[in-house]
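Before anything else, here is the set of structures, which you'll find just below.
Next come two complexes, and both contain subunit A; in the first it sits with subunit B, in the second with subunit C.
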Partner chain A sequence: MNEAAIANAKRGFSFYARIYRKILVQDLKSKMSYRADFIISTFGMIMTNTVGFMSFYILFKNFPSINGWNYHEMLFLYGFSLIALTPLQCLFDNNWSLRYSVESGDFIKYCFRPINIFFYFISEVFDVKGLGQLVFGVAVLSYAWSSLAIPVTVGTLCLLVLLLITASLFMIAIMNFAAATCFWMLRSGYVMILMFRFKDYARYPASIFDGLFRIIFTFVIPIAFIAYYPGLVILHPDNIPLLSKLSPVIGVLFFWLSYKFWMLGATRYDGTGS
Partner chain B sequence: MKKEIDQAIVMENVVKEFKVLNRHEGLRGSIRDLFSRDYRTVTAVDNISISIPGGQIVGYLGPNGAGKSTTIKMMTGVLEPTSGNLIVNGCVPYKNRTKNCENIGVVFGQRSQLWWSLPLIESFRLLKDIYLIPDRQYDEMMKLYSDLVDLEPLLHKTVRQMSLGQRTLSDILAAFLHDPKIVFLDEPTIGLDVSMKAKIRDLIKELNRMKQTTVILTTHDMGDVDALCERIVIIDHGRMIYDNDIDHLKSYFGSYRILKVRLPGDIWEETVIDESKTDVMSVISDYQKKGKLLDIKLEEISTEEVIKKIYENETNERKKISGIDKSRDNTGIAV
Partner chain C sequence: MNARKYLALTRAGIIQELQFRMGTFITVLGNLIYLTLVYFLWRSIYASSPTPVVNGMTFNDTIIYLVLATALFNFLEMYLVWNISRKIQSGEIVMDLLKPMSYRKLMFFTFFGDNITTFFLTFLPTFIVVFILTKGAIPVGTNLIWFVISVGGALLVNYFIDFFVSTISLYTESTWGINIVKESIVLLFSGATIPLVFFPEKLRVVVKCLPFRCIYDTPLNILLQKDGYTPGSGMWTMLGLQLVWCVALCALTGIFWNFSVRRITVNGG
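And now, the complex of A and B:
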C-alpha cells in the first residue's frame, strides 16, 4: 500500500501534464504534415458552423423571441455552448473510437503501461478541428455580449471561465458515459450518436421544454447545464436559480462519476479477441 | 513467500474461469437471452503451477485456444485469477496493475503499442517519461540498441510508415526500453520473412543475455522455440501438459526419427518411427517386401513434430477419457 502511494506521488499532476503536453505537441506536428487533410477538415468545420448558424439566424428572422428570450440572449447561449463543447471536441475525441478498439481487442494495449488507463486512452488523440469551433464560438459570444451591453469586469470574466469549464465537464461526462457503454454492450455506437445529437438542444433555453423533457434534460441527460443554467448566471444575475449556483459542484461530481463508470468498464475488460 | 523472491513468476494452482451465457437459437431465444441467468462456466486455465526464475527464456506453447493468452493476461494484471496464487516480481499483478506494469514489457503480436503518428524516437522519449527512466540509463539503452540493430533509419519514421518487420522490431525495442524484469512476447515473429525472423530472434537473445531479462514467449513458430527457449511449457485445454527443457522434449515420446521413402511413380511417403519400439531397418524391409524402393531419407524429428505429437496425444487422451474415442486414427506412427 505504501509503495503504491509512492508510485502515485511519482506520477502526480505535473507528471501527467508533462506527458500530455509532449503528446499534444508531437501530434500537432504530425497533423500539420498532412496538409491537405488539415485544410479540408478546417474548411469542413467552418462550413458546419456557418450552416448551423444560418439555420439559427433564419429561425430568429421569423420568431423575434422564443419564450421571452430575445435574439441576442439566444445568441449568447449559442456562442456559449459552442465554446463549452470545444474541449470535448478537441481533447476527448478518442472516445469515438473506444468501441472499435474494444471490439477488435486493441484496447488491451492501454492496460500495459504504468499510467492511468483513461488518461492514456484519451491523450492519444487531439482533434484540431475543434479549434475552429472555438474561434466561431468566441466571436458569437463576444457579439452577443456587447449587444446585450453586459458590463465587462474581471469578476464576470472569471465567472464566465468557471461557467464554461463547468458546462464542458457536463458534455464530456455525458460522452464518457455513452462511450463506456461499449464495455457492456455490442452496439454502443447508437448510444453515442444519440447522446451527441442531444447537444444540439443545449443551445436553447431549457424553459421552452415541457415538464417531462425538462426533467430529462436536467437530471437524466443534463444538457440544460451546458448553456442554459450557466448562461442564466450572466444573463439574469438578479434571479439565479439554485441549480445554476450548484452547477460547478454538480459538474465536477457528474464528471467524476462518468470517469468512475469508464474505469469500471476498463477493469471489466477481458481482452477478448486476442 | 520469502524464499521465492528470486523467482520472476510464481503460479500456484491458478484457475481462471469465465462465465458464458448459454445462448438460445432464433428470435425467441435471443429475447430469452436478454433476461437469462443461464450461465455455464468455462475453465480457460485449469490449476496451473509454475515458477519461472529470473533471466530464463520460456517458450509458452499450446494450440489455439489453449489458454495461453489468458495466462499472459493474468500475469500482466489485465485479468484476475478465479483462484490460486499468482506472484509476478514479488507482487500480485491484478491488485497492483500500475506497479506491475513498471516491471514488465509486453509485445502483443501484430498490435503495435507505439503511437502511430509519432516518429519512433518521440515514442521512445515518451516512454522514457512514462517509465521515469533516468537519462543515463536511457542513453545507455539507446547506445546498446544502435549496436544491436540498424536503428538510425527507424528513428525518424512514424510507426504508420513502417513495414511489419520494422514495426515488430520497434515494438520489441520499446518493450525492453525501461529495462523491465520480465518481457512478454506474444507471437513476435508472426507474418515476418525469414531474414527478419532471424534478426528478431538474435535481438531477443542478445537483450536477454545482456540485461538478464526474463522472457515469456508464446509462439506457433517452432523456429522461435529452437532459437530461443531454454525451457518449454505446453498447455492445452487450460491444463499444463509439459514443463521441461528443450532437450527433454525430443525424447519425450521416445526417440523419434522420420523415414522418408520414394516409391515408384515418384511418391514420397513419410513414417515417424519410435526407435525405442521399432528399428528403422525393419520398416525399410517392410517397404521392400511391398515393392521397389527408389530412394530413402532419414531425418531427425523436428521440434514442430514433437509438439504436434504432444498436442495430438493430449487430444487422444481426452477423447479416451470422454469415451468418444471409437476409431482412433493412427496419425501415421509405426509402432
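And now, the complex of A and C:
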C-alpha cells in the first residue's frame, strides 16, 4: 500500500468533520463582510414565516377543522415541518447555486479536489438565516405541544429528535434530486422552485389525498413523510401506522438514492470547455 | 417614439423562451402536480365545513380562483428582482445602463416576450382545461375582455412593484432576503394563496388600501363576475383603482430609480 492509499483509508468521519469545520469558518467570515445582507436575509426569513403563519391562521378562522384535525393538531404538524426543513435550509442551501456553477463551468473545480464532490460542494455554504426558521418552528411546536397536553418525557423527546432527523432527510432528498436535474437539462431552476413550493403542503395531513395521489405524495414526492407520518407517532401513539415506523429506513433510503443521483450527474459532468 | 427597438426586444424574449421547451414542459407538468395539492387540500377543507358556501365562495369558485391564480402567477412572475440584483452584484448592469433606452423600459420589454410566451403556453391551456372541467362555471361574455385588460393592469402593477424592490437592492446588495420578503407579501396580500374574501374583516380593510390586490384579486374576480366586480357593481371602480396604482407606481419607481442609480458602485469590470 502506498502513502496515498493509506491516507485514503484514514478518511473517516473525523477527516471530513475537520474539513467541514474549516470550510464553515471561511464561509461565516465571508458572510460577516456583507452585514446588511445578513440582516435583511434574517428579516426575510422571519417575514416569510410570519406570512406563512398568517395564511394558516386565516384558513382556520374560516374553517374550524380540516379532515378531522383540529387547530392545535395542525399547528403541531406546522411547527414540526418547519423544524424538519431547517437542516435543508442551513446545511444544503448550496444546491440552489448548483445550476449556476454547472452552466458557467465553475463546477469543474469541485471535480479536481481529492475529497467527495457532494460533500465539498454542499459544505461550502452554511445558511445562518435558517436558524430563524428553527426558532419559529420550535415556538410553534412547543405551543401546540402544551395545548394538546402531550406528556413531556425523556423518551418522547428522544423520539421527537429521531423523527425530526428522519423527516428532514426526505426534503433534503427531494431537493438533491431537483438540483441534480441541472446536469441533464438547461433551465432546471424551475424544477427546484416547484419542488420547494411543495414543502408548504407538507404541513397538512396526508389523509387528505386519496388513490393515486396518496401514493405519489408518499413514495414519489414524499412530502407525506415531512410532517404527517412522523407526527402521527407523537400525536396518536396508540395507533401508529406501519409507514410511520418504517420512516427512518425509508428516509435513509431516499437520501441515499438522491445522493447517488447527484453523484451520477457530477461524474458525467465534463465542463463547458472554457 | 421608436417602437421598433422595443419590438425587437420582445421578439428576442419570445424566441429565447421557445428555445427551452423542456423547461416549459417540466413547468406545466410540475404545475399540474402542484394544482392537485391545492385541489385535495381545499376539497377536504370544504368537506369539513358545515356549509357548502363560505364567504360567498363555493368549492368550485375557490378551486377555479386558485387554479387560475397559479396559472397567472406563472405568467406574471419573471423573477425580475432576482435577475436585476444578480446583475448588480456581478456588475453586468453597467452594460445595460449604457444602452440607449431607459433601464426600466429595457427590462420591461426584455421580459415582455417571456410574458407573451407563457401566456399562450401555460395560462391559456390551463384556462381552457378549467373551463371544460367545470362545465361553464366561468361566465363567458364581455367579462373576458375586461379580464384581459385587467391582466394587463396586473402585469404593469406587478412589474412596477418588482422594479421598485429591485431598486432597493442597489443599496443593500441583498438578493435572497429582499426577494423573499417581496414574494411572500405580494402572494398573500394579492389574494394569490387565499382569496381575499376569506380574510378577517380588519385585515381586509388594510389589504384594500394596498396595491397588491390589483395583481390577482381584481382580474380573477372580474373574470368570475363576483359581487363588487361586475359592470353594474363596481367593476369600473376596480379597474380605475388599477389605473391609479399603475400611474402612481410608475411615477414612484421612476423617481426612486433615477435618484438611486447615481449611487451604484460596481467593483472591477
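Operating definition for what follows: the second predicted complex is superposed on the first by the 265 of 274 C-alpha atoms of A that agree within 3 Å, B and C clash if a C-alpha of one lies under 4 Å from a C-alpha of the other, contacts with A are read in each partner's own complex, and residues count from 1 in each chain.
Methods note: a contact is a pair of C-beta atoms (placed from the backbone, for glycine too) under 8 Å apart; a residue touches a chain by one contact, two chains touch by 3 or more.
Please read these numbers as outputs of a predicted model, since none were measured by experiment.
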First, second, both or neither for A:190, with subunit B first and subunit C second: second
Partner chain(s) touched by A:237 [first = subunit B, second = subunit C, both, neither]: neither
Touching partner for A:22 - first (subunit B), second (subunit C), both, neither: first
Touching partner for A:114 - first (subunit B), second (subunit C), both, neither: first
Residues of subunit A touched, compared between subunit B and subunit C (which is higher): C
Where subunit A meets both subunit C and subunit B, residue numbers: none
Touch list for subunit B against partner subunit A, complex: 18, 69, 73, 76-79, 96-99, 101-102, 104, 106, 108-109, 111, 113, 115, 117-118, 122, 125-126, 129-132, 158, 186
Subunit A partner contacts - residues on subunit C that touch it in the complex: 20, 22-23, 26-27, 30-31, 33-34, 36-37, 40-41, 43-45, 47-49, 54-55, 172-181, 183-185, 187-188, 193-194, 198-200, 203
Subunit C contact footprint on subunit A (complex, rising order): 34, 36-37, 40-45, 47-48, 51-52, 54-55, 58-59, 61-68, 129, 185-188, 190-191, 194-195, 197-198, 201, 204, 208-210, 213, 216-217, 221
Subunit B partner contacts - residues on subunit A that touch it in the complex: 3-4, 7, 10-11, 15, 18-19, 22-23, 26-27, 30-31, 105-106, 108-109, 111-115, 124, 269-271, 274
